[in-house]
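These notes open a run of structures that come right after.
Here come two complexes built around chain A, the first alongside chain B, the second alongside chain C.
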Partner chain A sequence: MSKVSRRTFLKGSAVLGALAGIGGTASSFKKIKPAKAAGKKKQVFSSCPRNCYDTCSIVTTVEDGTIKFVTGNMNNTYTNGRLCVKGYTYPNYVYSPDRIKYPMRQKERGSGKWERISWDEAYDIIAKKILEIKKEYGTTLPIALNKYSGNFNVLNNAVEGMLSSWGYTTRAQGTPCWPAGIDSQTFDFGAAVANDPEVMVKAKYLIVWGANPAWTSVHSMSIIERAKENGTKIVVIDPIMTDTASKADEYIGIKASTDGALALGMAKYILDHNLHDMEWMKKNSIGYEEYLNYLRNNITVEWASEKTGVPVEVIERLAREYAAAKPAAIWLGYGLQRHTNGGASVRAIDALAAMTGNIGVAGGGANYAQTECYGFNYAVQSAGTPPEGDKAGGDRMLNMNNFPAQVLAINNDPEQIPIKMLWVACRNPIAQDPEASVSYKAFESIDFIVTADLWFNETVKQSDIVLPVSSIFETWGLTASYWHYWVNVNEPAIEPLYESKSDLEIAMGISKRLNELEPGSCTYPTDRSIEEWISNELADDFIKKFGFKTWRDILEKGTAKVEGYEAAWSDGKFRTPSGKYEFLSETCAANGHHALPVYVEEMEVPKDRPIRLFSPHWKYGLHSQFQNLEWMRSIHNEPFVEIHPALAKKKGIEDGDMVRVESEVGYVEVKAKITHTVPKDAVVIYEAWYKEQNFNANFLLKATPSDMGSYATGQAGLAFHDQFVTVEKI
Partner chain B sequence: MAKKQKRYAFLINLERCIGCNACTVSCKSFYDLHPSINRRFVRETSELLTGTPKRNYISTSCNHCDRPACATACPTGAYIKLDNGIVKHNQDRCIGCRMCATACPYGVPQFDPVKKKMDKCDMCVDRLEAGEQPICVVSCPLEAIAIVDLNEIDESQVVADLPGFADSSITGSSTRFILPKGTTVVRGGIKSWNTL
Partner chain C sequence: MKKRRKQTQSRISNETLRTNPERMVTKLEMSSNEMETPVNENELQANETGTAAPVNPNEEKLVRKMALYMFLAKFYSGNLLKIDREMWNRLGDMVREEVSFFDHEKMQQGSRMIIQAVNDAAELEFDFNRLFVGPDRLEAAPYESVYRGTERAFMQAETMAVRKFYERAGLSLVNKNREPDDHLSFELEFAGYLLEESLEDSVYYELYEAFLRLHLFQWVERHCELVREKTANGLITGVSYLLQGLMEVERKQMNVLRR
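Right, the complex of A and B next:
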């Protein structure tokens, strides 16, 4: 662990604002005029804080204190005045009857027998439990936190600050999404810094490699469509013919987990035909001779074809086209690195972009992610420091990507300080973590579980206390994207509904009660207004990047862009130890990998479970959010598994049949959907939380680590797509 | 010379539509529809539309037909075909008998269980008259929906019929589609087929 840069580790975050109505011009529609005087209608800027590439700036229309409509903010040229389907459901999200309205206590976990309690009671129960644990163990290490990306508003980092202010605690560390690729890009470039996606239109050739923006980044999909209409050739490489692939000029149905072989095969052809950019490599990189020698001695196009299933002549043509097009861009998705060799694949693709001189070029790049916009102070987090004299000396870090198993290992070992209390915020780990059955056991082994959420989801159902959290429209926030270069402010649009509070208010509330019960037991400040908190988040130099005088200037347009990233790395100043692009990375080698971007063999397909399972993102949800909403249910409300007709025929399965999908660790029963768009030897189940349905794709998944991630994010990622199953008709 | 009468119609670009339903939900939100009903519908259409298999969708709402079956079936005359081509439903006259829903080959009119009346898309006629585009048009993240004047467009570039969409000649559906282009598909064979 350690090495974690706080920004990368946090991945998301946000800040806040003051009050002001905004002109109707900000919106793509003109339903109402801006508020005048004490007008009953107003429009405010909101910001979607989900773990989404697009991190939209939203215009929210409020009439008589009720949200009437949300749409995209025109001031943000990436959002382009439009939202995705999830964003448009927000009014339903806010006013859903399913929201958790009050603090509640469950008589018995999983019973659904919730009784309403007051905030005072809730704070009292929780504070007493914390003090009791501290007294019994002489430390707060038995208290664990599991929080991540359900809401990336920077103010929610108050939860981390809150726990620190009790003492040293146990933390779920890491990120499930993208760590292997982040490590790869850190080894190669010194950091992941993608080109501004708005300049993707400048590419002459665009390879979308293992990403499905049609479902996960609709605004980038729109940019891709524009590029295509301008004559950019769009090639999509993916084992699944996604909606993105369906829009491509060419789709390459690669064998899963062999992406590195395709990149190396293309590079070999480019080298053999002298299409590489020797000048760029000499000027900007180290280790290129070793890399080129590796290609010369170890790689053939025939081998790459054998590995990937892509015919030799296709690899050769792709290589020629990619090398000839100037500039040519690659978008590396998070899907391709969710393998046991995923980090190695990303390095091979980075190298392909670098050897053709496509780095530092607008319309080029090996574009994976960026964290340049996270210039926040994280004041809400650093406000919490362990009280004097805490002997633990540091937090105990558990791997978020294997959290349940590690909790059980600790709680089954009498030598270790047990985990007695768990705080869950901005996360639904039972729905999202692999090995769901282990999650249930881990929860059972913990005495006391508090979850702060908006919905009675699986994790809440296994908790003792639930605290109602405000929606984004009821509080302040600030969010940045890890893809585009905009930072958005979120002003409250309405008063908090029911008795809901923000995570920051909850942190202050608990702190107050702790200090009443035992003065000095909690250092978290309790006397700051939310506006003060937000004003603390934007550092002066960050504000200057936008040409602002004060942070409040962002309220005028609701959004501000960090400029200067049309062509990331164009200054040639890489953040690696050598200051160059590193084809040969000693840091990578020191972390137990190869120094060069070599091919790492993919995971072997088990003989008894020969069908690969993909569980990618669902278009009507973002992980366990949105699919549960009534508006979404009116469009779609049934989980399903996609099966190729050839496999279905072999198994006697017809469209609409119920099938049992079984892995080493569990099974699910779902409806079959027959489609030609998936490989013959794989099935696809989209992960989502359906309201009141017994469905969770993660019962099938093993917590198999990906190859990389621990260097830059603290913990290795997950091989979500190296999962194998059998499929039978029920 | 008098200006030629407009014939407003939806033009859906299947090359751009990703089947996301943002159109459906933004419309539902803007008009505060009952949660159980929608004015726009996105359906999957044949994967083989362009030969090689891929994901294709049709997003449609009311097709503002030339010979609206809803209007013919309605016993109270709640439907009128406006001069600009829009078929408008007058809820004040509607008695919720659902004759229109049965008659419409596209199943467009929906029953609002609270108002006990039918509901359907009016092409955001109030917005059009105010010089603004319909909500679904301005909301679609892929800009796949447009309002066109059928008297102005080149009909040879568009189609009125698609698999899974009732024959446009029945009621003279005004909706037009831009067909998707084909995608070159390279899919490697699998070796372990016999063991699956």
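Right, the complex of A and C next:
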């Protein structure tokens, strides 16, 4: 039988004939030369862009276009060749069958009835909605953005630029993480500038105060271990006996929210025993006499002991050891400032470091954070400027930390321009915001919601359209740390999976469609490649600082260090109004706080809900990220509440029992884990988003503001750890 | 014009394939077209009806299987989601016509269900996406690696083995590295391609049998059973019976039991 007649026979098949007419006839395959099949191997530099101290530089091994292996970049002495448990999951993350693959539209929010749409359709639907809003209101103010720290790659600032390129819009402003402490250090030093953490190894004495690097900054943990080998004493102060505490020489279990009292008590002892550094204070500070007088007149070690629950002799010994060791370092964690007096506590600890002359010293410092490495031009953001004619004249800022309530307030007030459309990127607000029930109501009050993400989550579920975002391995990027002093580059390692696109590509795509529909309606450039965009991002002075000729030189090692921060403030040039360290800050007073770092009373424990709830970071996740991945789920996929045996006994709860934890705003039912690591009057539920489980610590959390944050970050922080509950066996 | 070798002479035993899959591949590479060109669509898809020349029953069976593979591949590629009730009626009849050739209860059950469930076409896309596409966690992921690997990730060893198989047959995905090679629609399309090529060169028939044994038989039936656990949609359930029945027919013919 000849070839022709056989093929003709095939054509007799009715099914094949019919199928040819449906959905095109293109084959999914192409013919190749067998010799070409063997794929090439390469290694590229990637950069973990998560909201994390460690911000790792990654080496990614790629073979035949697929990722085989990720590990830490040895050129970056902080990452030092290793990743954390979360970073090592990246191959599992990139190649999960559950990633969002296509732009999709939901028939009805929350229905789970999704249909695939093309990018062209998605752009068209979104662009028409924007134009419709603009026509009706004369401004794009009814469009709101809720975006934050899911991806800190500088190119993701394109999302802010994109919104601006449509007009003036409504923004979720602020930061949930660290604002109270940022304000404190801004009042005291003029800015938060920590010592290079790699120099922590030089400390003779190290207090880790309200941080848990064993879980949240494992690369710092190896520095701490090295210091320990050198003979440095490691002290951990925390209400929870963390894994970091278990590795310390001494653990001090402090009553929550009384950290300021401990710092002031220590300072009083140091002053009484003349262990303070008068010379440093005279030379470098203002207000020290007032501060010392406050200690003399208002503080006793006994008072501090009563407040903190730490015995007098322990406070005295701690103070003596800290003052005697030169240099002595303090690492201030973000946990201790998530209180209604958190900013005040940070100021009291700063003052302790300053009065002992530990500021401006390598191996010393009151180390909280730094933003010195963000040497970017933010060209992707500034590329978008509101087109002419938007009558609003400026963006409308809402507090990210109380966003749902503020959206509802606006949408329930006929006098205000309503919020009709919401864009969510780099964030899962329904899982991450307190008062989840209010979030659902706020979402309901908005007509049209678009979420750009890699993963299906509670926020996507409440959206009309979801756009698939490419992973870090599929695009360009630059990231900087807020802890160590490295800037990392991220080269594309592989092609984007399915139809995923970066936030920057999406910004350009919508702009193109907007201008097709209505020329001049969007200012965002549409004609640049991602590589062109990234080439504009590294600031000239950083290129110079790194000794580079062009930005591309960073591709050689994948990472570059900003030098000169072994001992922050060693030049004595503080960025305060006085140019000195300010024990007494008029700026702080002008912002409604005390001028001096005085003790601010902690929040009163409500009688009907006497148990404090902590919701700190979880070791296998970062906010709502990572815990949803298969590798993590296979290790652990069941939330739990940690309860002290004494409290458990009182409540008749045994290990493994299901308990109901209830707060003013909601409840969860969760398994009890009995442990001595938590205080007797508190419980711990780690913040994490468990995929497909109707559970979240945030169901319980109230949006109670912390004392500070609005000066330096625009909005007050959240008192995540001033939350009170009842616990009962079910 | 190459002569079709008699299957009894040329078929390589299961044992040989397990121990020496390279043997037949070498033969194939020597005979395959070395041009890097897209597959000619007209060769794969029919666009005119004509009276088939008389052929022997084995070859007719082969062509009917090919039609079913192509139907199933098209279904899993998502291309049949937008068609209406009428079109499903027509397609269902055609599938029944192909299926009638095989005296197999599960396949017939599948085609009956497709015809009876045309009303489910309205919800087909939503159900299909929930099971196979997303955006939520897939209820019945259509990737070989999900069934054979332990890590719920593609582009691992399982996917690469499929890629290697395609390459040995001189093919590569047009969307290589953007879509995983072990998606069910690609594996089914590939099986159909091998069948078509085997009309001219029996080496492709050997590859076809090896592909079934090494890949489709390793997971497709489990997938079909999972699909039926997760959906009540008659069209999708019908397709799952049809696909599982086809695998059973193939197993019987090749004398490969399900483990």
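Here are a few things to note about the model shown:
Note that the second predicted complex is superposed on the first by the 691 of 730 C-alpha atoms of A that agree within 3 Å, B and C clash if a C-alpha of one lies under 4 Å from a C-alpha of the other, contacts with A are read in each partner's own complex, and residues count from 1 in each chain.
The definition used in the following text is that a contact is a pair of C-beta atoms (placed from the backbone, for glycine too) under 8 Å apart; a residue touches a chain by one contact, two chains touch by 3 or more.
Because the structure is predicted, anything quoted here is derived from the model rather than measured.
In the superposed model, A:Glu495 lies in contact with chain C only, and not with chain B.
When the two structures are aligned on the shared chain, A:Glu115 is found in touch with chain C, with no touch to chain B. Of the two partner chains placed around the shared chain by superposition, neither chain B nor chain C is touched by A:Ala192.
Within the superposed three-chain model, A:Val659 lies out of touch with both chain B and chain C [touch as defined at top]. Look at A:Trp631: by the touch rule set out above, it reaches both chain B and chain C. Shared-chain residue A:Pro91: touches chain B and chain C both. In the superposed pair of complexes, A:Phe456 makes contact with chain C only, with no contact to chain B.
Legend: residue contacts after superposition of the two complexes on their common chain; A:Val466 is shown touching chain C, with no touch to chain B.
When the two complexes are laid over each other on chain A, chain A has residues 28-31, 91-92, 630-631 in contact with both chain B and chain C. Chain contact summary for the complex, chain A toward chain B: residues 28-31, 68-71, 80-85, 87-89, 91-92, 214-215, 218-219, 221-222, 225, 241-243, 245-255, 308-311, 314, 605, 607, 610-611, 619-620, 630-632, 634-635, 647, 650, 675-677, 679-681.
Residues of chain A touching chain C in their complex: 1-3, 5-20, 22-34, 36-37, 64-67, 91-92, 94-102, 104, 107, 112-116, 456, 460-461, 466, 468, 494-498, 630-631, 691-692.
Touching chain A in their complex are the following residues of chain B: 15-16, 18-22, 24-26, 28-30, 32, 35-38, 42, 47-48, 53-56, 132, 135, 138-143, 180, 183-190, 192-193, 195-196. Across the interface of their complex, chain A is touched by residues 1, 4, 29, 32-39, 41, 43-53, 55, 59, 63-64, 66-68, 70-71, 74, 77-83, 87, 90-91, 94-95, 97-98, 123, 125-126, 129-130, 133-138, 141, 143, 145-146, 151-156, 160, 163-164, 166-168, 170-180, 185-186, 189-190, 193, 196, 199-200 of chain C.
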